[in-house]
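We just call them A, B, C, D and E in the order they show up, numbering each chain from 1.
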Amino acid sequence: MTDTPRQGTGDDAFVVRHLSKVFGGSGQVHALSDINLNLKKGSFTCIVGPSGCGKSTLLRILGDLETATSGEVQINFEQTRVPRSAFVFQEHGVFPWFNVLENVTFGQKMASVSKKERVSEARNWIAEVGLTGFEDAFPHQLSGGMRQRIAIARAFATGSPSLLMDEPLGALDAQTRILMQEQLVRLWEVERKTVVLVTHSIEEALLLGDQIVVMSARPGRVKQIIDVPFGRPRSVEMEASPEFAHMKQDIWESLRDEVQASMSFK
Amino acid sequence: MTDTPRQGTGDDAFVVRHLSKVFGGSGQVHALSDINLNLKKGSFTCIVGPSGCGKSTLLRILGDLETATSGEVQINFEQTRVPRSAFVFQEHGVFPWFNVLENVTFGQKMASVSKKERVSEARNWIAEVGLTGFEDAFPHQLSGGMRQRIAIARAFATGSPSLLMDEPLGALDAQTRILMQEQLVRLWEVERKTVVLVTHSIEEALLLGDQIVVMSARPGRVKQIIDVPFGRPRSVEMEASPEFAHMKQDIWESLRDEVQASMSFK
Amino acid sequence: MTQTQSVAVRATELDQAIDLEFKREQRLKARDLGLAILTPIVLLALWELAAAVGVLDARLFSPPSAIAERGAEMLADGSLAVHIWATVGRLAAGFIAGSILGVFAGLVMGVVRPIRAALSPTFTALYALPKIAILPLLLLIFGLTETPKILAVAISVFFVVQINTLAGIMQIDARILEAARAYKATGPRLFLNVLLPAAAPAIMTGLRVAAGMSVIVVTAVEFVASNNGLGYLIWNSWQLFQPATMFVGLIVVSVIGALVTGLIILLERVLLPWRHSNSPKKKEMKK
Amino acid sequence: MTQTQSVAVRATELDQAIDLEFKREQRLKARDLGLAILTPIVLLALWELAAAVGVLDARLFSPPSAIAERGAEMLADGSLAVHIWATVGRLAAGFIAGSILGVFAGLVMGVVRPIRAALSPTFTALYALPKIAILPLLLLIFGLTETPKILAVAISVFFVVQINTLAGIMQIDARILEAARAYKATGPRLFLNVLLPAAAPAIMTGLRVAAGMSVIVVTAVEFVASNNGLGYLIWNSWQLFQPATMFVGLIVVSVIGALVTGLIILLERVLLPWRHSNSPKKKEMKK
Amino acid sequence: TSEAPATSSDALQTVNVGHVQLAIFSPLYVADAKGYFEDEGIELKLEAIKSGQDAVPLAASGKLDVVVAGFSAGLFSAVETGLDVKVVGSMGVSAGDEEEPPSALIASKKLVDDGTISDVSDLEGRTVAVAGGAGGTGAFYVGMALEEAGLSITDVELVTLGNPDMPTALANGSIDAAFASAPFWNMPVEDGTAVSLWTTPAGTSGTGVIYGGDFASSDLAQKFFTALARGAQDLQGDDRYTDEHLGMIGAATGQTAEQVGAVPLYRWLTDLAPLPEQLAAMERMWMELGAIVYTDPIPEADYVDATFAQNS
């Protein structure tokens, strides 16, 4: 079921080989097992899989926030002052003590970008995610959806060549989510960063990704890698097409067993 | 745009007439405006609408947790020892200091049901939602999805003739959510309680409801009441049908303006 | 009745309902404030009455009127001010020194695991050491200067603040730290932009507890070893049997305690705006 | 190398990595424990040394060996036990009375708005009142019995616990209260099943702060007005110039303080299991 | 508390006595240990207090019957305010022993060596530590020493300090002189940090026995005093230092017999008669210091009652 490891090329932003991750020294949680992946520069990859299968862990390892227990990860970006990967976290990634502007400039501040430069860059991205007018607001004064948009603006504003997003739209209601998905694709089409996005929503993965990595229940393995055939730009209307419904059904069936394996549900 | 008030009949569980709700004595937030609704006994009603339009407020007023500022609400259930409506809340509705069993028996405990009786009833519902084996676990030891299932089990276990659910599946990931939707319909088909369910997901509304109430942006009004034509039992496969896609598209368009009206999003 | 008319009637009804609700809220707030002021007044009046009819021995429990008179006298001749400044000076010096050191120690212990492991249990035991009991030792070491008195206050404050700061650091949400690491926050930048603000609420709680405690300690210290300050005033006036003066001291001390606590709360609001932004702003935004 | 072989090699590698990680964690834990024990030992050794070479005046700062000897003596002749029991008795009585009343007052004030409005500000001011300063007044009212001493402890504990309990009630998540109302929890049932457990963490924090404070207060009270108890022992041995005895008293007091604090933490773990269920259970479930 | 007379001869009546736990009050401890109070039908209930002033209001309000402690300015203020207490006896009286006095005015050796201080008159403008503050007996004695040297109590700066803290304060220069009791005056003298300048003259006393008004008029008042005086009679001359007595005193003050014997003891009058002139001198001194705010001395009869001593 696992992909046979391919050799990485210079075009690959991330190359993952035989990666395993075990949490808790005594070996209690085997989160990831023998993961092999090649992610091209400028590609948009979506990861789906049942809850607890190690999606966040994999993303963290790609972003150098966690070390693999064994195996190998190559990250092929030149070293600049900004971090190689900017993150959008599943939850609680924005700093409650900074207002919107300060949160969005945070990455550049840590990279010693001059104040003037980072503020003007930040204002751009704040406008892009539709938060203009809220620069001085603190996160707790905003809705969950607005908070998540701060995190997205911050990730883009940092200027990193890759973007790792962990269910960035999970906290949004369905309608806002669709608007944000369209927004996200638009932003990505402008900048063409290497994006890895974890999601629970198959529709979202089909709407956004070039390829979809389907993971198995814990210990997480790569169950399937699916290339998404739809051209860009894509829009929500695409969901009505029979091809979309078909692919969705396929992935859903592949996932269904895994979800049931991962939860004690009759 | 508002429905013309109809006369309530003996068959109606809830009759709402010219209901308005304003929060904050000084009239700051006009949450609901001139709502008129008739909900039949044993019916399954879904409410959709943009964030902040007053869906939760309306549900709270139906459940007698909030008083209307003006207008009139009739609740036609005979008074028994159990509350007339059992709630599933949007979030944080389970008590962190009680384990799963104690949480599920809470409603009956407050209704002075004997311990033996309420425990056996609770065990049934714990089994129904797939939490058997977790009776002694505290909520914080469980995932968000499992916590929400506790709340659902509690609502059913209480034995109230009506069930008011505020985005009961919002916290779940997409795959688990679909399994739970099927579960919910199954449970309802057995008991035929009067159900009002608030959701952000149009698919969910179409999959579950007999009728869908579409609300406008704040101040919340009833924009549209849609009868769902699909027969029961329904299943996820139904989503692939063109009629479904069509209805979804309709409701989405009706909502889109409202969502955009409700958020500062370019 | 036409449709338009009935809509108009309903609008008026709604307005009336809103108005009623608003008035009720105002009434409740006024009542709360009245009650808050009433309680001490009633207590003082009862005391005055009890002293007047002889339930309380007025020679020992000076009636409030006599205390007020004595207080005015002491204010006029400047003697009260001398004691107040002496106490406030020690309090301020000890509190500031103790809290700065406490925050620093807590942060270092929070970040460096071996230091935390080495010092944490010992500090917990030292925290419970009664501060007036070690005052003689401080006097031995530092002589009869202000140092031992300020130090006694500083030590009390230090432990409370250190324990709270450490707890604050240890409780920082792992996800916040991860976000900081993801954006490559390190060294002093991590410290200033993440650790300090994240631990700030816990530090503030520590300061609040420490404030109450420092007032108690400074009074106790002045009781035992001082020639001025409110603690001395209370002790001395009792020794000299001047109960009215003693009550003036007691009342001033508790007012200072309340003021210091209030000041810390104010400081918290200023320093941690993200925890206290008012809801009106929120509502406005939601519009 | 065949595919199977390479898989086997990788499995071994993984096992080794896991093993290393596990050993490292064990090593760190052992080091932490070692450091925790080492610190007081080093401090005592330094003290002993300083006294031996004359950096510290051994007549005033009795070396730890002398203190230990004196402590053993006092244990043997039973005199230490007398003081310990006297102190512990007052502490227990005052702490229990103060905390029960404090919890009760806090709950009532949390539920009944007019009472809260009337008493809250006054209680905040009274909290800062130094307890040893009001001891003479308590003595006047109750005479030289145990009552005023226990009362001084109880009052200190009362205010801390009351303030924390009230804060706990006020901070209950509105959604929790709503859930309780939805399921028609009222009266004593609401109280026992919702309000008390919801406020319990805050109450426990209050008890922990109060524990430290009560040890300090009981010592101060025994300093001023008692002929037994550890506070008396410390004061008297200092007056009679018996520094070794004084240090025995100081050390015993801080050990009692640490024990009381530990006891409260233990109590919290027993009473609030939902806040401390261990992660193994969690992990096991997730499997 | 003292109530109606005993119903039967063997039922003991309780007398509550507040005392500062010091060897200076030995007659109380010896009389108690030897059962003299029981002989008079009294059951003694001893309550430790930290200063006489703490107990005066308690005596006046009947919470205590008897206070055995040092005098203070507060006693006079209390009487002037109308509290009903009576001084009925004296306690430790100075023997005038210059070598081994129970307390002494000592000065820093450094200042003596460099010639700054050679006798009490050189203390003018200097810092002098006393226990119990301006309204305590320490201040009274310092005033007495200064007056003998032609100065007044207001010519020095008084500092309040506990006896145990005086030696170090002298050593580190915080104070120039101190009025300390044993062993805190002889310790610094022996180790060379201080020099004794003045000791309390023979016959002076700063401590005594105070009755609450109600107790003074009860029939136990005389019985109590008679028993107490018997204790004093046993402690005359070198009888003070018998092992039996040292043991009794030690037991009551939390010391061993050796520790008690190592420190010079006071003397006591055989009838423990009050010393009215001495009290009047104290009142005057404290007025001078501002520790007493009223201006007309209280008549002796209002607060001294010598009849119990005369009848014992």
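Convention: a residue touches a chain if its C-beta (ideal position, glycine included) is under 8 Å from a C-beta of that chain, and two chains touch if they have at least 3 such contacts.
Everything numeric here is computed off the predicted structure, so don't read it as measured data.
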Given chain B and chain D, the chains that contact each of them: A, C
Chain whose Cα centroid lies at the greatest distance from that of chain B: E
Most remote chain, CA-based centroid, reference being chain A: E
Chain pair with the greatest number of C-beta contact pairs: C-D
Chain B against chain A, contact positions shared by both copies (same if over half, else different): same
Approximate Å spacing (C-alpha centroids) for the pair chain A, chain B: 32
Computed distance of Cα centres, chain E from chain B, in Å: 83
Distance between the centres, which are taken as Cα means, of chain D and chain A, whole angstrom: 46
Touching two or more other chains - residue numbers and ranges from chain C: 60, 136, 140, 235, 238, 286
For chain B, residues contacting two or more additional chains: 52, 134, 143
Contacts with 2+ other chains: residues of chain E: 54, 57, 61, 162, 164, 168
Pairwise chain contacts, counting only pairs that touch as defined: A-B, A-C, A-D, B-C, B-D, C-D, C-E, D-E
For the chain B and chain C complex, residues of the former touching the latter: 18, 20, 22, 24-29, 34, 52, 69-71
Touching residues on chain E, where the partner in the complex is chain C: 51, 53-54, 56-57, 61, 72-75, 77-78, 81-83, 129, 132-136, 159-162, 164-165, 168-169, 172-175, 291-293
Residues on chain A engaged by chain B in the complex (per definition of touch): 50-52, 127, 130-134, 143, 145, 173-176, 179, 200-202, 236, 239-240, 242, 245, 249, 252, 255-256, 259-260, 263-266
In the complex, chain E residues that touch chain D: 16, 18, 21, 46-50, 54, 57-58, 61, 63-64, 162-164, 168, 183-184, 187, 253-255, 259
Residues of chain D that touch chain C when the two form their complex: 28, 31-33, 35-36, 38-40, 43, 57, 60-61, 113-114, 117-122, 124-134, 136-137, 140, 209, 212-213, 215-216, 219-220, 223, 231, 234-235, 238, 249-250, 253-258, 260-261
